[in-house]
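Each chain gets a letter, A, B, C, D and E, in the order it is written, and its residues are counted from 1.
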């Protein structure tokens, strides 16, 4: 304390710091050249591949955990089926699939860390995730840099426009949901001879909600429907009545809604209370309308609501029925689209691995080989399980990684044997079901 | 929009805002009471509402009864929970630095949120068909039963609270402690016991708020964050020591939020918080503080 | 005469800061005892120690022949001991009547509370006039009356009064002193008063203590203390 | 600056760089280390307003996001390289802080109300940005290099962050030993006494606020670099609270404590997330909450108190 | 007294708090180099007067002049900058600063260099006679007497022309009070200061000042040499009690 400090320690300290920094940089520059691309070749050539580890990054905590949890459940189921019933990847000598799950947390930062961890610790060749688009965006920069295949269940359109080489998306992109919702409504209107002149669009204001609703908006304009208002709100809204009141004053023919979850239930309940009864209310990417838990929470407020779905749980194919019943047996509930996306995405990965084993027996897990295998896939219901699970029944990738045959199904909540059940009504209604259009009593 | 149409729109928003505000009043009342008596900065208030809403939901679905009824069953549980939280967490940090109190209550909020997440999962939980779920159309206006009910119950409970605080022995003791802790001891008031009961009663108010909420909406683990800051804004606007002031302040906030919705629901909270800024700048003790 | 309160070699203070050194004093039933002394002498600390607000390092506080050193403030009040604090400590956001009712917190019998309230109102008719008013809006003299009245509502056997006349006009102070005497004579209330109006205080007291620097430097009956040179020295310059 | 402070900084740097290198082969640890260091830098900057001056500021992420977004936009829209842009970003953040600080300090908003006010500032900016810029994520251009403070490798990024952290620590130490620091610590102790010895308390609180918000705003761009995109979500009330809490848990005013808290809790959080997040959802955050409660109740003087105890014990 | 010799002049200052009139039309002057005692019973408005002079409160009426300049309504730090320093009646402890740091803060008013300020602080501390080993202690570790000395040192370090001491001797033991009085005298002669000493008890003031002003109920009731004032019946009455009317 007090008196003037001598300069010696200052000089020593600076010298030490400079020396350490210099040494660190020197060492780094010396070592980084060869290790600049720490090539993930965990499986040397011609060595029998025991198992292929697929990384799964999903939000398991925070507000987005709902679907992340289900996706992980579904992934475990699919992997078990592939390993036990299909005998693993046959072209890789029956190599088993394995998954490593990482929590994407609540921010892109943690999602990115999760991806880094999977790559650095487990040297995974493929990562599946991460449902939230901006999480996937953060992961994409990592997977690209490390040449790891990223198969995503995030739907925002932008992801496919990043010029990424190792990116694939089987699931229908966000704007396709909006388009499908409008197509469905207009299709029905034509079929049942209902005139539709005006519409109101409401959406939660995330990137996903906005992209979907913009898709719907453009499509409505294409059909010549007047959009009287396009309302956005935050997903954690606790009071819907001001919005419903506004809509009621506008009195539109139809409402296209893109809610997230609890806001969807809140919308339906408030709309019912307000006596808001347009000719039709169609959801797009709206889990809050047709998800079993939402139906449980909303009760008959969501009766006759529809929703576009990335997955068609009622698709009458052998494998689809099998997976749905397996899922129900194991987890006691219907798979929602989070699980559905995993179903077809994982079987697509499986097909790609088979293909890679056939095309590049020497080094099938090389990222560029894997990429070529993915791009060479052309799956339909007769040649693959994956396509049997997919709404449109076809999977083929464009060079930007987007599925050329992407499309959605439409579910409607109907009263079946006294229980509210989501049933598929579009493109083809499921067995014994007819779409209800327009809303009764409107 | 025509002038008449606009007028209807604005009036409808005012009606919605008043109801919302009265609901906010009941949400904030527990916080105001606890903050007034104990001077504790509770950042977990909204999360307490959230956890209590889960209790209400559990009982509602298990017994298949209306949330308002199950709320009555939840209240004693919350009372006991309040005693425990006060004894275990709040008492040790009373009179400590505000930041320490914030740290501990934020920690409590984390714990509650993640217990809810782990146990109830992230899906929204709600009672599908509450008794009061319709709307009444009066001329061009819509009155929502559930909101009307929540406003009415809120007014009733706040009235009872006001009566409790002014007429009962314990209520008087609580107000005495709010005003002057050290003098209160000279009246033979056991201040620590008053603290315990205050927190417990605060939790009962939280329970009422959560029951009313479940009549209107659903609960999910992060519901609480929506309520915490709003409650603080209401308390700031009202100042301490007046239940009526709190009700009026909360209504002002409700109307502001509802009007903000006319601009865009995405920015309505910004409107509320801007009001908060101006209150703090120009009326730092609140509009209704007696002091 | 029975001994109501006794302090035996009390050392007390706040945290690590010791204020009182070996203070011994007693109060008998029916007495008015005055404690006088310059600012910072520890008079308020003395009262706060009797009430149990401070840290007691050693010595004991005995009330009605029981050692109450370990008891908390509100427990001491329940035994019949209370204080009218310096600065009055009234509850500004409560009405006058509510303040008084708060004083009767420990009395559960409503009719007794009523009785006491009537008694206080008869002693302080002014308070009755203002019963519905917020205590924060009272004038200084009224507030002091309220503080005294509130103290009486606890039905104490010993009332400690701290700097009752602080910041009050002389007329009001005189009236208050009259009241104190009246309380003592007519209602038999025992009191320990800390006062800056030394002369008036000692005149009405049976005994007095002079405190300086946390120590009792003088004690004796009121009048003899008043004529003691040392007292004057403690206060002024003689 | 005393010998022991210098030595401890040198040791800290040596340790940090040594760890940096040890993990330089593993991108996961490298990125984690970078994030921890950046977080520590934010906490250290907060220490100026919170620890030294005693103002409960909960707007850290507001300044961080504002600075980061301004820097990014200057780069993307006007082509101003971030090496220059960060200074503007910092200045904008500081400008806003001062603009709000003037009436706030003028009208004597303090303690819990100051905390709530700053917390709501984050929400207001979040809402306004969402209103005017939409929900979109804006991606940084595909340009890399030191000019853009956006190196290709994590090690280089780590070096940049480390330099920032070192700079913030040195600023802290410099301020502590300067007139400003003396004044700020006096304001924290007692504003009235400070005024009486000639401290213009409002002015110096503003200065502290400006320095803190400038550093936070300038360093905010690095957060954007780590995300490689930005959106209104950068205005994150939870992050701001956790930065302040690290400062508290570290022991108010103790820079070593603040940094230790940031490192320990951030690393602990990541460890819990990566080990438990997938097992039971929320268990990691639950334990984090428990840790906050335990530290708050049992060790309210923070880690600095623990350090002091250790130091005393060591000397004995 | 001619104007240039008047360091402080308080003119007709009135200050109310709610309904209570704390200062009622107070007028007084302090000449250069004087030590003036300001006494009066508790609650007579002494501290309020200090607060009005130093800018903590703004008087409702009246003006305050310092060296001929109107300083009414200035901020406390502006007043300090002009050269008025004060100490505090109630100890306001600085828990996390050392003695030297606290005093150095005072000295920083006249310089931007911490080194220089520390030198000033050292000089002041030496002048006051606080032993060197106390300088590194935290405010939470020192005794009341030391606190009073540090308070004085901190005020002195700001380089004031006028020093206001608010009940600085309260709570001290007689021998400590004597020592403190010595220190104040030393400081006064060494620095050529003007000092106003607020005291409840006149004894302490006696040894210091040639002139005392007595405040009672917010008014000046007497003024003059201490002996004279002490025998003034109005003063005695104010102190010892009120005669029944």
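Here is the rule we use: a residue touches a chain if its C-beta (ideal position, glycine included) is under 8 Å from a C-beta of that chain, and two chains touch if they have at least 3 such contacts.
Quantities reported herein were computed from a predicted structural model and do not represent experimental measurements.
If you take chain A and chain B together, the chains in touch with both are D. Within the contact network of the assembly, the step distance from chain B to chain D comes to 1.
Of all chains, the one whose CA centroid is most distant from that of chain D is C. Distances between chain centres, each the mean of the C-alpha atoms, put A farthest from chain E.
With centres defined as mean CA coordinates, chain E is found 49 Å away from chain B. Inter-chain centre distance (chain A to chain D, centres taken as mean C-alpha positions): 34 Å. Centroids of chain C and chain D (each the mean of its C-alpha atoms) stand 53 Å apart. Taking each chain's centre as the average of its CA atoms, chain A and chain C sit 75 Å apart.
Multi-chain contact residues of chain B, defined as those touching 2 or more other chains: 114, 117, 121-122, 221, 264, 266, 269.
Shared interface positions of chain D, defined as residues touching 2 or more other chains, are 130, 281-282, 285. Across the complex, chain B meets chain C through its residues 166, 169, 172-173, 175-176, 178-180, 182-191, 241, 290-291.
The residues of chain D lying in touch with chain A in their complex are 1-3, 6-7, 9-10, 13-14, 17-18, 20-21, 24-29, 31-32, 35, 130, 134-137, 139, 142, 153, 155, 159, 226-229, 231, 233, 236, 270, 273-274, 277-278, 281-282, 284-285.
Residues 50, 56, 100, 103-104, 106-109, 111-113, 115-117, 119-121, 123-124, 127-128, 130-131, 241, 244-245, 247-249, 252, 280-283, 285-286, 288-293, 295-297, 300 of chain D are the ones that touch chain B when the two sit in their complex. Of all the residues in chain B, the ones that touch chain D in their complex are 41, 43, 89, 92-93, 96-104, 106-111, 113-115, 117-118, 121-122, 221, 229, 232-233, 236, 264, 266-267, 269-270, 273-274, 276-277, 280-282, 284. If you check the complex, the residues on chain C that touch chain B are 51, 53, 72-74, 77-78, 82-83, 85, 89-94, 98, 101-103, 105-106, 108, 134, 136, 150-151, 153-154.
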